[in-house]
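Below is one structure, written out as structure tokens; comments come after it.
First chain written, first letter: the chains are A, B and C, and each begins at residue 1.
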Amino acid sequence: MTLLDASDLRRVYGDSCGDCVELTGDAAGTNQCPDCGAVVACADVSLDVEPGEVLGIVGESGSGKSSVAELLALERATDGQASGDVRLDGHDGNLLDADYETRHRLRNGAVGLVHQHVRDGLNLEFTGGGNVAEKLLAAGWRNYGDVRDRVRDLFAETEVPVERMDDPTETYSGGMQRRVQIARALATDPDVVILDEPTTGLDVSVQARVLDMFRRIQREEDVAAVVVSHDLGVVRLLADRTLVMRHGRVVETGLTDRVMEDPHHEYTQTLINSVI
Amino acid sequence: MTDVLTVEGLTKTFDMHALGDKQVVGLDDVSFTVRRGEFLAIVGESGSGKSSLLKCLYRTYEPTGGSTVYHPADVDLATCDDRTVMAIRDSTLGYASQFLDEIPRVPAIDVVARPLLERGTPAAQARDRARELLDALGLPEELWEAYPATFSGGERQRVNLAQALAPEPELLLLDEPTSALDPETRTAAIELLSESTDAETTVVGVFHDRDVVERVADRVAVLDGGELQRVVPVAEFAAEEEEEVVA
Amino acid sequence: MTDAEPEALEESGAATDESGTEISAVSVADAVDDLSGEGLSGYNYAYLDEHTKREVRRAILKGIAIPGHQVPFASRPMPLARGWGTGGIQASLSLLGPDDAFKVIDQGSDESVNAANVRRLAETTADVETTTDATEADLIQTRHRIPEEVLDEDQILVLQVPITDALRKVDSSDAANRRRHAHANYGKMWVHLYENVVEWGEIQIAARYPAMVAGRYLMDPSPIPRWDVPKLDDADNLFVFAAGREARIYAVPPHTEVEPLAFEDEAFQVERFPDASCHSCGSTDTYLTEIETDEEDRLYVCNDTSFCLKRQDEPDLAKDHHLDREGVDWGPGTPGGPTVEGSAGESADKVATNGGDDA
């Protein structure tokens, strides 16, 4: 019984001429349409995630993996066009077509997103605890004591010092900010969490800690996850299955160890062979 | 059915795009069965396809031809879908590669306990079992809470082996799990392996050391150039090799 | 400016104003001189032209139809500066008729310069009766207070509003806030409240306390003290909120649910004045203002001066004394209202500066 089922995800920036999808992609070697200049960030992307499963999406810059993450997280497309089908178990219909309020409710309930850039995911002027509390409050929690307890628990889970809970988030280190994002994403016990470059920009020792913490939580809470990263090591560590993307398309799919050790697609082979 | 695995015409060819789409043959038409509770050793020269065989069985490599029917789940591992493989790996199929997959900042004891935790074993119990195994394999206690990244090859192998044995899988695939161990530890490891392989556990292992093979294996499969030469009872294998030496 | 055609000013000087009185004028300068001599008789009734009044009334009707929703209107230039109640005056002048009695208060007092000026403008241009008695007024224009005496279904309270959007505190972008109101997405305000409790140990918002209207729109009740916010809930009268500079009008119709935002375990509280009573009338159930005398003594007096005067004659005068019913719920000091004496033991002003314990 699939938890998350997405098909034909497509995100295009700029005015599309209609042939953009055919003229871009793996075979064409680009995501920019040679005719009209529109950028096909991703197209023809289909994937599914079972409960408790971790799906990795790996690719370099411009591969489209972040666009896919945003679509899966039901983020509002402020420019360009977005289309496709995203279905979540327990909710009717294509969630990409759902109205603002339904998507808002889902983003504060069943789906969590950890943004690549901290400013997109956190309000740095709020306290760290406030950022996490926002999710709970948006989901309708109205008891201050309960909110505080839950925030403390989440801080402990994500290894953020509880004594920093009431400090402004801008005073936190990069690693702590990332962990607060994870705490926030997990606040309402979502069915699936989407991590967009969870370790990028962090010091190596901090990366290890964040990954280990997430692995533990993922296992303990049995929460499904989609991990988007250009770092093969991160995906290897966290993901059961992996998609490889290039020029906005999925070029390979399979069990993570299979993709990493027995890559079939030419690009995947190059990618695997390039790891230092 | 007393067979655990039936391998039929297993073939693995690698398509190396970077080398101008050169085709490299890893395994060619390999067929054999594995009986429940037996210890099947895989031997052969370097590059003969031993590791490839294990990886094909575990589905780390996707076979390009043939079948590998895993009887307890009544499934052809070579061609079944990813989720089925995941379910089998999570329950009854184990694998230990030659080198420990380094997970940063996780102490040895937790590395070993993890497969048990994943299967729902309570934390305390999982750690107890981990301690048992690390102790049996002779890993010094002071290293149990340390990070394997700083361990020697032999120490890492012990953690690796313990991790593979912990969940007591029905079918265990081992790739040179004792290569870096000193003779004493190797003996201990082998003892442990022998003890583990009761009627319920089946082992398919690649071993470099003849000594080890002769001590633990029930049967021996010999690979050469990606092809299976023969599968013989261990006594026969020992005699053959001796004959060769003598001759 | 007026519905009537402008009278032609002839060289000969014979012209009449709308009441038919002859104005002698030979030049524009003379005409203006004459006009100023006759007061504001050159203006339409209640100063504003009929189109403007109609637009304002339509905006008010929309506000009544969608309680708490901010309705834009084309705010006219008025004979006083923005920020001094131009919205309130436009609302009042659009609603007043010659039979109405008009009361104007500023921070509870009828006597402030601003209140007096607004009253005079209405008297002169709308020819209305003015009063300081809240129970006698048909329309009350107020800056930052709601009278202590209960208002009934025949009365309208027009409140002057500086900032119309409660969400401005948490985001300065009007576009983003409009979207939030459209989707009833008030999460950021709740975080603001949370952070407030974290900092002060309790919700420490003195004025402009955010309140949910009819369970749908978040409203800024204008800088009335917390004391007055409960009066908005299920009242008999109409409340009109008008902002001239922001060009917005909103309303709370009679019998509308108005609920100040609060947590289940951090309730909305009104200001506390423990051990304090009005120096003039002895009241302990009215909103008090602190005064420093010339001798540097600190005294408390009722903020609502006209009610205070009544209480000086009759110390136990009920806030609903003028009504046929008893025990009407009208904020603190009335049966249904929040308790006046708090447990923390500090007045609102003091609490704001001291802060509270961390929760």
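Simple rule for what comes next: contacts are C-beta pairs under 8 Å (C-beta built on N, C-alpha and C of every residue); 3 or more make two chains touch, one makes a residue touch a chain.
This is a predicted model, so every value here is computed, not measured.
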Nearest-to-centre chain - CA centroid comparison: A
Longest centre-to-centre distance from chain A, chain (CA-based): C
Between chain C and chain B, distance of the C-alpha-averaged centres to the nearest whole Å: 81
Euclidean distance of C-alpha centroids - chain A vs chain B, Å: 35
Chain A and chain C, separation of their C-alpha mean positions in angstrom: 49
Touching two or more other chains - residues of chain A: none
Set of chain B residues in contact with two or more other chains: none
Sites on chain A touched by chain C in the complex: 100-101, 104, 108, 123, 126-127, 129-130, 133-134, 137-138, 142-145, 147-148, 166
Chain B-facing residues of chain A, complex: 50, 53, 205, 207-209, 211-212, 219, 237, 240-241, 254-255, 257-258, 261-262, 264, 266, 269-270, 273
Footprint of chain A on chain B - complex, ascending: 14-18, 55, 59-62, 82-83, 85-86, 103-106, 117-118
Complex contacts: residues of chain C adjacent to chain A: 183-185, 187-188, 190-191, 194-195, 197-199, 263-266, 358-359
